[in-house]
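Okay, so here's the structure we're looking at.
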Amino acid sequence: MAGGVLLEVRDLTLRFGGITALGGIDLSIAEGETLAVIGPNGSGKTSLFNCVTGLYRPTSGSIALGGESLLGLSPDRVTARGVARTFQNLRLFLHMTVLDNLMLGRHLHFRKSLLDAALRLRGEELRHRARVEEIIEFLDLEAWRDSRVAGCSYGVQKRVEMGRALATEPRLLLLDEPVSGLTAEEKEEVSYWINEIRGRFGVTVLLVEHDLRVASRLSQRMVVLDRGLKLTEGTPEEVQRHPGVIRAYLGDQ
Amino acid sequence: MTGSPAPAVLAVSSIETLYLDRIYALSGVSLELREREIFAVLGPNGAGKTTLLKTIAGLLRDQPKKGTIRLDGRHIERQQPEDVADAGVVFVAEDRGLFRELTVAENLELGMWGKPRRQAREDLERVHDLFPRLRERIDQQADSLSGGEQQMLAIGRSLLRRPRLLLLDEPSLGLTPEMSKLVFEALVQISQAGTTILLVEQNARLALRVATRAAILETGRVVLTGTPQELSEHPDVRDVYLGIGAAATEGKSFRLYRKRRRW
Amino acid sequence: MPSLLQYALSGLSAGSLYAMVALGLVLIYRSTRVLNFAHADMATVGTFIAFSMIRSGVPFWLALSMAIVAGSAVAVVFYFAALVPAQRKGANHLGQVILTLGLALILQGLTVYQWGAEPDRFPFPLSDTAVFQVGPVFVSELSLGTLAAAATASLVLYLLTQKTRLGLAMRATSENLQAAQTLGIPTRGVLAFAWGVAAALAVVAGVFLAPVLLLDPFFMLDAMFKGLAAAVLGGLNSLPGAVLGGLLLGVAESLGGAYVSLEFKTSLAFILIVAVLLVRPEGLLGKEFQERV
Amino acid sequence: MALRFLAAGLLTLFLLGGEARAAPVPGVTDTEITIGITGPLSGPAAAWGTIALASEAYASYVNQQGGVHGRKLKLVLKDDGYNPGRAVANFNEMKDQVFAVMGTVGTAVLNANKDLVADAGLPLVYPLGNVQVFAKQPKEKVRTVFQAYPDYTDETEFLSQQAVKLEGVKKLGFFGQNDDYGKGGLEGVKKGLAKTDAKLVAEVFYEVTDRELGTQALKMKESGAEAVILYATATHAAGLVKEMAKVGYRPKLFAAFTLYDRDTMFRLLGDLWEGAYFDAAIGLRGEPAADKVIEIVTRIDPKLKGREGFCVQGVADVMMLVEGLKRAGRDLTREKFIAAMETIKDYDGGGLYPPFSFSPTRHHGLNAVRLMRAGKATDASVKQITPWQVFPGHF
Amino acid sequence: MDLVESYREELRFARKPLGRALLILLLVAAALLPWWGPRAWLTRASLVWLFAVGVIGQNLLIGYAGLISFGQAGFLAIGAYTFGHLRIIGVPFPLALAGAGGAAGLAGWLVGFPSLRLKGPYLAIATLGFGTATYQIFANVEWLSGGRAGLAIPPLQAPFGLLRDTWVYLVYYAIFLLFTGTAYNLISSYLGRAWVAVRDSDIAAESMGVSLARTKLLAFAISSFYTGVSGALMAQYLGHLEPQAFNISESMNFFVAVIVGGLASVEGSIFGAAFVVLVPALLGDLRWAVPVLFGSAILSVLILEPLGLAGLWLKTRLYFRLWPFR
């Protein structure tokens, strides 16, 4: 694996009232790596994401990106440091077009001048539009560019969500269940794109996934969570052999 | 397949449902459910599965635009949801439609709305027997239940209405495999006790295991109907829904699929 | 010290008036998520009806009952004739709020047309000026009556919503309309009932306020805004919160007016509310359902 | 490009040729004189709207009697809801279409329209609002205004002195509306008390939107005032008196002329109003001149029954206007009307108000009140304490 | 079918030639109203323009950024009084107008802070408190409000021998155009996008790098800038200021205008402003019925067309676009 450690999470604990959502999680991702976090519902996967992106304030522990702590930063500052995410149940801006959703991903990089905005000077807009078009082309979204997101199919919405996160030019991309609710065919497509993102945009990916097959094919390493605790960690093969995983997770098979 | 076909409990015939007056969510769907059947509807997201259930339950105002829905021969299309519910159709939504701020007991109580006390009490016993876990949690807030228990509560509550037809939207969503198994076993018991079930499910494998018949819905049309046996053997179903076809290659190479016309 | 007590008591008696208004507002907000701007005008219409009947010799309690029925009828008609069709057309919460504003204007116009805009005194069985003296402090019959009425109203509402099947259905409907519909609960009826009860409450509040504030078509406007503020202070979906908020607001206003600045007494009360909200954004006893990420 | 030229061309054309204005005498035809009123016909101040309705009723009485010089009076009523912005728009619409405007309600309305009235040369008869609005204007800008309202400061100066004189009050409290009206009143009280040994011990104000006046009443009680000057609307004054009684405090009451309507006050306060002193600026029900006009307008518009106090005011407005129109003669213009109004001398409307006079140097024709005292609640009786006190006009 | 040849072209104001020509025609016709319309209606029309500026401001806040304010009367008063004081010390009209907007904008920025924590009705009450407090300050602090006599504002002098009504109309119209155009520009910029994003899902917006604090505060500041300018125009219009003109019912008027016109629609705001100004005037002769008809108008607009007048307008436009085929 290339590069040093990008994201370093140490002893991360999150409690709501009496419930412990995360109990001392350690994990680290190297630059350029794809790490999958798996586990059943309620195991704390999404809570982990919310802590990293600043939506939740952890009870204790540390989170650092490239050596700098992310603790206490508001979500938009975290994104400005280079962490982007998608949401499990899609949080798109339903009243905006696909294009506008992606342009919003560029918001961070806009030179914000009220005067330009008021006078309709749109140099910045055009500059960022060029970047967004690259993403539109990459994700095959040309046909939906000017459609309202609310009217697009679920598969397209998932892609827009991914594209929007990509538009922020992240160093670390957090994908929350990117293939849930897709058909096997769509799953293949999305898997292809996730793989490509790493190659083409040089982005490190942290993935939360329910679907063990997809997760193990996409990632180099996996972390298994169960009820807020880290059950095990290792290569997909190692993880699949772990008895606890088989019991808690693959009981079906 | 039975020799002489039992009379249809639910007969949906070429219904069309539109969103915003112009987008076709369902275009000409027909189904027939017989007594004590578990009928599974499979399909990708956005195919119109939930829309189908909501249309039947009367939750989409003035829909279906065309076509008829009959329950035991009585027309129930384009009616108020309360009236459809009174006719004997109960819909359990994907979010399970629980009243999260109320307790388990209160949720169950609401399921008995308008039912005679005696009958309701017997039914409540039966629900407790079917899902013993609910009895343990009777005074807890519904919000504090686990996903599986919530699903049990939702199904249990709907049974108190003594439904003729039960509509279930993604009952396995967000459940651990063990829980899903428990819930689906209960479904079989329910159907054997006389309730017909129409089930929408993402998890094709699980659904085909309990269903008596199933259909595949894509872009608002039924493209395949058959017994679980027939569907499991269909190459495209194996490929796309069960992920065990030739195309689902193992290993770390990915093929970018181009849309191709199936069926 | 006696004057502090007297101010506090005066605040309590004003606060119980606010609490009565707040209770009705909370009931509607809880069940429909709509802020009812017509609350004051429903109350006014009902109070005027009671007034006319008492004037023409109808006994007080009968007049009050008839006025409650009339007020509820207005609310139920409004629910079926305006809110339901608007919801069918997909009006959002804000749109529904404005609908109540429209109703408020209509009722206001009709009241002025029917009864004129000149103030009048409302005949009430309890006297506002007959006072009991307890040590250095004066209490009027009517103040005690109002406090008692607010307490009774909140108790009755509490029992209704927490202890009856209908109340259960109201809570269920307010939380998840679709689920309630699919369970065969007559949601339209339940919501119409909620509007009716709220209007009845409004009329009762109006009848208790009228002898204090003097009756004219606009006599409830100030109380309405204070009641709204009280409801928010207590938490918009909490019935006990409405009572607590009303009493707190009344006392804060009175003490602020007495010891800080009479001119700014309303502002002082609002500053208190904003301060409370900044610490507890859902009000003192409120609980808004949290969105999950 | 072509469009732009076209637009520019059109613009010049209009600039050169436009702005034509006509109408020989606005609002006057062979058979009709149109008079405008803008008033609070709706909204929280709608009670004042009764004045305009009474004016309308009395105008139709005048028409039944044959009108003025063969012309009928036609009153155009416009609603401003007590909002000066809407009143400005109403004035603008009326200024070229009516002969004169009368009986507007509210100081803010006058303030917002005073320049417009002067610029348009629009006669404004008997506006109800602070006299100082026009007193502060240069003489040439009030040429068309004819006011007969008492000045607030003059009135309270008189009222406070009477309190000391009649009841030997040493400590006086003031309760007023927190605006121009109440503050004008307070100024007069201070002026009046300066000449006596009594002290002003409380200045308590309320907002128009306030209805719950418990705190105000307690403040007043704490000050220990022996008498309270009420400079408020009927509703607020009654509210305060009730709240004061509620804490066992019953000071002597001295009320402004806006509370002169004995029926309203007795209706609101019952026996609490007994013994209260109050000013009156025009006739009261129970006096022959007032009873006569009340009978007339309530016959024409039965809805006015129960609002007799405001009726008298509405009639007084029309009477003054008609007197001017009569003197102006058949050949009516605004200039002639103004000149005719300036010749009015010692006119008393059949006893409805004290004699008033206008002249080219005096357009505030009447500035007078008298002190009354409320009697028994059972018969709503009142009696006059002082004769008319006539103060000098302010402009 | 119209082809867009470049992204730059796509960003233009009115893209189609026909649309642009119609728009210019409409604008010119409105500018020439003093020469063809009934003179009596001129001031009423000026009132519409000044209201429209405020309503657009309010709509930017409610409709676009999804934040609610019942305190508009407060911003209106701050704008009006700042303007008044500046004019009295001899500041020229445009500068005084900018000062009024600036002062109100600053106040809006401050009031925006609670909006970072409060939502919906809770925010509404907090802003209502601001409106009430502002009113009480102006009613009680004499050096601010000009004391008993109120604040007299010097009238606008008309140049080129125009009538004053005409000049006021033209000035108000020009300011209205300026602010409407700016509003269109703002909502199509990065800022407008951020507002809508925050309205639709604040969590997602934040996760995309949109600073909630900055966006919401800007929404409040810009919205109150508009409202302040509207207040200044109101002050000039009245020529005289008293605190009573800025009570709660003024806030309600703006609110009604926004909803009746249509949320998140600039043209809707203009319709809404026209509605609240013109309907009571048109119904003026019906007296007591004014509130009843006004209320019924609100009810029928909302029951028949929840998207407000702008929705009706959209449907009409759609109808005519498809006209021969429908």
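Per-chain numbering from 1; labels A, B, C, D and E assigned in written order.
Operating definition for what follows: a residue touches a chain if its C-beta (ideal position, glycine included) is under 8 Å from a C-beta of that chain, and two chains touch if they have at least 3 such contacts.
This one's a predicted model, so the numbers in the text were calculated from it and none came from an experiment.
Under the contact definition stated at the top, the chains bordering both chain B and chain D are C.
Chains that touch both chain B and chain E: A, C.
Of all chains, the one whose CA centroid is most distant from that of chain B is D. One simple way to say how far apart two chains are is to compare their mean CA positions; for chain B and chain C this gives 44 Å.
A straight line joining the Cα centres of chain C and chain D is 36 Å long. Chain centres here are Cα averages; for chain A and chain D they lie 72 Å apart.
If each chain is reduced to the centroid of its CA atoms, chain A and chain B end up 31 Å from each other. Of all residues in chain B, none touches 2 or more other chains.
Under the contact definition stated at the top, the residues of chain C that touch 2 or more other chains are 109, 112, 263, 266, 293. Residues of chain E found to touch two or more other chains are 136, 139-140, 203, 248, 288, 290-291. Interface residues of chain C, counted against chain E in their complex, comprise 29, 35, 82, 85-86, 89-92, 94-95, 98-99, 101-110, 112-113, 225, 228-229, 232-233, 236, 263-264, 266-267, 270-271, 273-274, 277-278, 281-283, 291, 293.
Within the complex formed with chain B, the chain A residues making contact are 40-42, 151, 153-155, 181-189, 191-192, 195, 213, 217, 248-252. Touching chain D in their complex are the following residues of chain E: 21, 24, 28, 32, 34-35, 39-44, 47, 136, 139-140, 147-150, 152, 155, 160, 162-166, 234, 237-240, 242-245, 247-249, 280-281, 284-285, 287-288, 290-291.
Partner chain C is touched in their complex by these residues of chain E: 62, 68, 114, 117-119, 121-122, 124-126, 128-130, 132-133, 136-137, 139-140, 203, 248, 252, 255-256, 259-260, 263, 288-299, 302-306. Put simply, chain B touches chain C in their complex at residues 57, 59, 61, 80-82, 85-86, 90-93, 97-102, 106, 109-111, 113-114, 157-158, 161.
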